[in-house]
Structures are given as structure tokens and as C-alpha cells.
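By letter and in written order, the chains are A, B and C; residue numbering begins at 1 in each of them.
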């Protein structure tokens, strides 16, 4: 669990500035930003399902690299996160 | 199914068997198909699904060109899940020596009415920016296409069934001949004509057929829309397809409509097991990265293998089997099964019904004289 | 980018079973490596920092920290290119892991069953939502319906409530009679009774329904309510999250790739936790879903056996017997009922990677036919979500496993192990 006493980490989600506690995952940052992670092949909005890196529903683009499993990746300062569509 | 005599009984519901069933049904023949697994589950399920006009020989060009045009005509009727895409093929030249080959191919195709465009280095770069810098150019074959084979086979089989064709899956044929197909469960299905369309497994039904399994590997990535627009093949591909004895890899990538990239290709003789061969997989992927370094960081989701049905002279066997009036072959398509399936069906059924084929059929006859491939 | 390491005992998975195996093997004085996809040890059940957990978690975590074992976190094994070598990749690197003995303690994942609306954002697994909250998802004041089956539901409910969530209901598909039998059988496990009583206290006041399951999730673009079935009646519960999982499925893909014999979905092991593949051991959920205690004792036995001190492992056989009895109780209690097969409608998505609906799948007679015709199971989850679902819905059996057992970068899959590379024509 992110430590409330720890410093905040600042990153962007679809260009929007988001602040999370250190230790938070990118999936959490996307949720806090009020976004969904991806759009399915038939156009449905999708977010994390399994929370443990196996379902691939939480995929986002991080610093230009697509298909990153956001529930397994800790937020780092200055990360640029882009969700689908 | 047992009890009546069909006009035609086809063993194998891969793309070739399905196309033959469809052609038979279209011409009013009563046809039955027996398939040991499910429709489109052999090489049909494992291959790249390309429709390419190949110039390895006149006979190969004639058959692939005829068939490619049939696919093009069928295109408007194909359902969405067949994913037919006329993306074209670019034969990539890595150096000036290969550009000479490009120009030769261009003339060869032009003389035979196949539209192609010679691309210089800049033109190639514009069309496919993810190729490694320093390629000399290429040849764009504009009417080549790709599709998703299991659904294409399913479409052809469905169409045949709508016209009365009967299909039995999970039915293994153990013997064919004398107007009969015998299944593993002892049931016999009778037909005036029996067609062996069992691909790499054809010799299991007729031992004297000289067909060898030619194993291939493929890898598919996650979705990267816009990364690749055409099928790309290195000019060395033909050398790989040519070699009758050694294991080889050749650069060959294909964009799927899903945005996934299909990466091939490999050829091995004498490998009977389905397992992924580590050394071949590595060589294939290394080769692919040498042409397209940007493939490296991409997510590879699945790998698989398949068995092509290879004949000694690289041409399929389409026509009557000598020694049994009821037996016909429609097999041995190596890496061109998807491409030539429709034309194969045409010329097969032409021969069954005595109609005049649209192209000369002698090069594909199982009885072709002077060829050392029917062992006693 | 590429790195190569050698171990006498290599442990895959740093959940309780893997942790126990690694530190026992380390005590044997051999060279030990421990690999896990996550940033730290603990697996799923002990995810997050230790002060949130039981003393057990803290104790084992501390022992592991002190143990002489190389920890490789943030690395995921995707391939075994040749005997004695595994390849693992992280976000930026690739590691070649050479080993003499292998302990594969890859744990389990939740089973997801499809029902209308299950793909809406904020419908997650029970463990899935818990993992997200542990990773910082704000949950205070949010309404969370918990549904599905298994002891995980109660553990998740207790945790979420502690974090300030409001829980309108817990819906367990097992019947009261099954649960009562389970409760009675717990009498043989004093430590479990203490846990249960503590849970009861933590969950006081939360409505709990047995023979109850979700019928539909509604909302748009995200979840707004869940309709549940209870004793033949339906009820609509407005909520912010649905935490829904139907017990656990063992992660046996790597074992399958290694050629271990698998029966009924579980890896077969001998008394020393050795699989049918020589020098490959298995501990924890992949041998049978049994929870933490079984995982810890199996892990220790595997670690000792792999580390060359098999006779010492015998001392743990009694404890393992006891823990296995509990595992069998779990199986009996939380088996899935028939009604769950009727939940999806024709339009309900079953394969989420490729958006294949239940109606499209129904047309096919086998996993292979369905896969080829619809591409169900061909997406990046490699059938980990839709596989168990279709197995339950249609009794389809999965395919054999091929590499990569997880999606991996092309350049990493291409990693040559002692082979020559092939050059591209130049000049």
C-alpha cells in the first residue's frame, strides 16, 4: 500500500497532470484521472480486471511504448501515459 | 452418409478440400467431405494466408495468377471474418544485385499481364518506413492479397453445404480407392470419384504419393496498427523455397487486418514433430529483425508450427491417380495452398466432369511423365 | 541488455510457496535464485507491505530478506529454450537463467465467468480489486458489491472495509448447507477457527447471501449497479465497484511447457514435490488449490528436496497431510453450480482480448474449432481468462502450451542460446 507519508509522484495521463502517492501503479493513476485504460476491438471501454498482470485489459502506452500492463508498473515522475482512442 | 453413392467424396476439409467441395456443389455434383479434425485445421490453420503470384516457373505463375484472379472476383462475397485485404506484396531488395532480380521479375510479370511496380530506395522507404535503412528497393505486386484462412475455408464449405454438400468432421479416412473411402470406425462412403485433398497427410492414404512434410514456423505480435502496410518478402525467399534438403529461414511479414504482424518464414525437411524448434525460431526472428529492426521491441503473443505438403518439383498434384479410375489427387500445394485453392478446384472439377480447363493442366497431373516422384 | 545467471536451485514465483522453497534451499548452502513478475515478494495473498498482513507474512518476508538467495523481481519467465535454461524478461532487460533444480511455484489466478455487463470498467476480480486498492486505488466511501465464490471473497471484504469501503452485500454462489459443512470441518483446524472468528468480527453487519450470484452489471461508461440473484429473487444494488471472482485456477502453463504431467488441471508431484520432469519441483496452488498453509509446507519440502536435503523434508509430511485435507474441503465447498452456465446471453463477450461473444462460440464443438474460427483465446492473455470460462461453459479442453508462455518481446524470443546468428545480405 502506498505510504501516505511518502512523497507524491507527478505524471500525465492523456496530457492531464495527475498526482499519486509513491508506490501507486499506473493503472491507479489512470483511474484517478477518470480515464479508462483501453478500448476493446469492438469499441468497448475497458479497465483492469485481474489486477495481477495476466488479463491484459489494463494496457496503456507509457512514454511511447504501447501494450504496457499498467497494473504491474509503478508510477515514475514525468511518465507520459496514453490510453486508447 | 453411408448407403448412398456420391458423385465425389473428398478427403480433407482444408482450404483445398473446401474449395473443391464448393466447386463440385456449384456444378451440381453430389459431394461428401470427410475431415479428421475440423474445417481448415491443417496447414490451412497454420499458414500465412497469402495470395501471391509466384514466378518460380511458368506453370507456377499460370496457376497462381489464375487463382489470384478468382480470389479477386470472389472478394465482394467474402464475409468480414475472412479479412481479405489486397495489400499487395513487396519483394524487398537488400542490395544492387537483388535490384537486378527485381527488374527481371518486373519484366517477367509484365509480359504475362501481372501488374507490378519497381520501387527505388526512396519509394520503398515511403511505402514501408519501418524497413531497415539501406534497402536498395523492391518490386510491388499490387494485386497480391492476404486473408484469414480458417474462415475462408469455412466460407467455402458453408457455401458447398448450402448447395447440398455433406460434411463429416472428426472422421478419419484410413483407406481410399475403388470408389470407396473407408473411415477409422469401419464406415465406408462410396463415390464415383474420390479426391485425396489431405495435404501433408496424403501419403497416409496413398503410399506411393511422393509428398514430404515441410515444416514452417510463424510468430504473431500484439496489435500495432499502421506499422506495416504490405506483405514483405525478401528475394531470398525463393532460394529458401527451392532448397530440397536444408533447413532455411527467409524474411516474410504480413499485416493482419487486426493490426497484428505475422512473422515468418521457415522451411525444414524431416521434422515430424509439431513442437517449436528453438534454433529455427531464433534464426527466423533474427532474420526478420535484420530487415525490420522495429520488430524487436514488439510484443510476440504466440508461436506455432505447421506442415506444408511438398512435392519434388514444387508443383501440386491435381488430376487422376494412375491405376485407379475412381481416384483423383488435389494435394501437394506446399506454401501456395491458399493462393491456388480456387484454381485447383476449377481444374480438378474440369477433369472430373470432362470440361475444358482454362489453363494447361499437364504440369500438375499426378501422371506427369519423366518426373521421378512416383515411387513404386 | 542480456544477462546470464546460474543457480543450483531456481525458484519461479515469490508467493508463499516460492518464498518458503527459496529460503529452505538457501539453508542447504546451495546457490539459489528467486524470480517473480512483481516488484516484491508475497505473491497475491501477501501483496503489499507486510504490516498489513498476518505475522506469518511478516515473519516469512523477513526470513526471505535475510536469506542468501538472489532475488530477481520484475522479471517474467516466458520460455525454456533448452533443458536447464529459462528466459525471463523485465520491462527493459532479458535474463538467461541456468539451473540444475527448478521449483515452479507460480500460484493461481482468479476464475472469471462471463455474465452480461462483466466487461464494464470497475467490474474486477475480487483479488483484482484488492490488488488495485493495495496499489493505491482510492476506495474510501465507495460502494463495492462482492460476488462469486471462495474464501477470497471474505478476505477481500474484510480488507476493503478496513480501507473504508461500503459493502452492501457479499454474494456467495455456494449453498448454506455446503458452507455449514465447511464451517463444521474447520473445527479440525484451530488456527482457521481463530481466523474465521476474526473475519466474522471484521464483517459484522455486512449482508451475506449464499446461493447467490450476479445476473448482470449495468452502467455506462462505467459500472452503476449490479443485479443479483438470491433464492430465486433478483435485486438491483447500486454500486461503484463489483469485485467478482469464482475461486482460483492454477497457473500450470510453465509446467506444461516443461513437460510435467498434469491431471485434472493440477501438476502431479511425488512426496518430495518432484514432478514427472526430473529435477523440476512444484509447490503451492499448481498442485491443488489449498491456501497459504499448504503452500508454505509444500514450498519448504520442495526447497529442501531441490537443495539436496530431502530426508529433512520428511519432517514436514504430517503438516502437509493436514493442510491437504483442508484443500480438499475447499474443492468440495466451492464447486461451481450449474446455474452459472446460464448467465451469459448471446451477446455477452466471453473472450475479452478478441471480443468474441457467447453466441458466436456456441456454434462450435471444440476449443480448437472455436479458436480457429473466432480467434477466441488467441489474444495476449493467451486464454488465461477465456480458457477456464469456456472450460466451465462448454467443457472444452485447452490446447497444448507453446512458447512464449507469456507475451514477450520479439528480440527476447529470438535470443540465441549458443547458436550462430544469421546475417542479412549486404553490399
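By our rule, a contact is a pair of C-beta atoms (placed from the backbone, for glycine too) under 8 Å apart; a residue touches a chain by one contact, two chains touch by 3 or more.
Treat the numbers as computed from the prediction; the structure is a model and nothing was measured.
Undergrad: Need the central chain here, defined by C-alpha centroid distance to the all-chain C-alpha centroid.
TA: Central chain is C.
Undergrad: Look at the interfaces A-C and A-B and say which one is made up of more C-beta pairs in contact.
TA: Of A-C and A-B, more C-beta pairs in contact link A-C.
Undergrad: How big is the gap, in whole Å, between where the Cα atoms of chain B centre and where those of chain C centre?
TA: The separation of the two C-alpha centroids amounts to 41 Å.
Undergrad: Counting only Cα atoms for the centres, state how far chain A is from chain C in Å.
TA: Measuring from centre to centre gives 22 Å for this pair.
Undergrad: On a C-alpha centroid basis, what's the spacing between chain A and chain B, in Å?
TA: Here the centre of chain B sits 43 Å away from the centre of chain A.
Undergrad: So which stretches of chain B touch two or more other chains?
TA: Within chain B, residues 222, 297, 299 contact more than one other chain.
Undergrad: Which chain A residues sit where two or more other chains touch them?
TA: In chain A, residues 41, 67 touch at least two other chains, as defined above.
Undergrad: When you check chain C against every other chain, which residues touch at least two of them?
TA: If we look for residues of chain C contacting two or more partner chains, we find 379-380, 407.
Undergrad: Tell me, which parts of chain B touch chain C in their complex?
TA: 37-41, 45, 81, 94-98, 132, 150-151, 154, 169, 219-222, 236, 249, 251, 263, 275-276, 278-279, 281-283, 285-291, 295-304
Undergrad: Under the touch definition given earlier, write down the residues of chain A that touch chain C in their complex.
TA: The touching residues are 1-3, 20-21, 23-25, 27-28, 31-32, 36, 40-42, 44-57, 59, 67-68, 71-74.
Undergrad: In their shared complex, at which residues does chain C touch chain B?
TA: For this pair, the touching residues of chain C are 81-82, 365-366, 368-369, 372-374, 378-380, 382, 402-404, 407-411, 413-417, 419, 421-427.
Undergrad: Please name which positions on chain C make contact with chain A in the complex.
TA: Listed in rising order, the residues of chain C that touch chain A are 37-39, 44, 48-49, 52, 91, 109-110, 112, 119, 121-125, 127-138, 221-222, 349, 352-355, 379-381, 384-385, 407.
Undergrad: Can you tell me which positions in chain A touch chain B when the two form their complex?
TA: The contact residues of chain A facing chain B are 41, 65-67.
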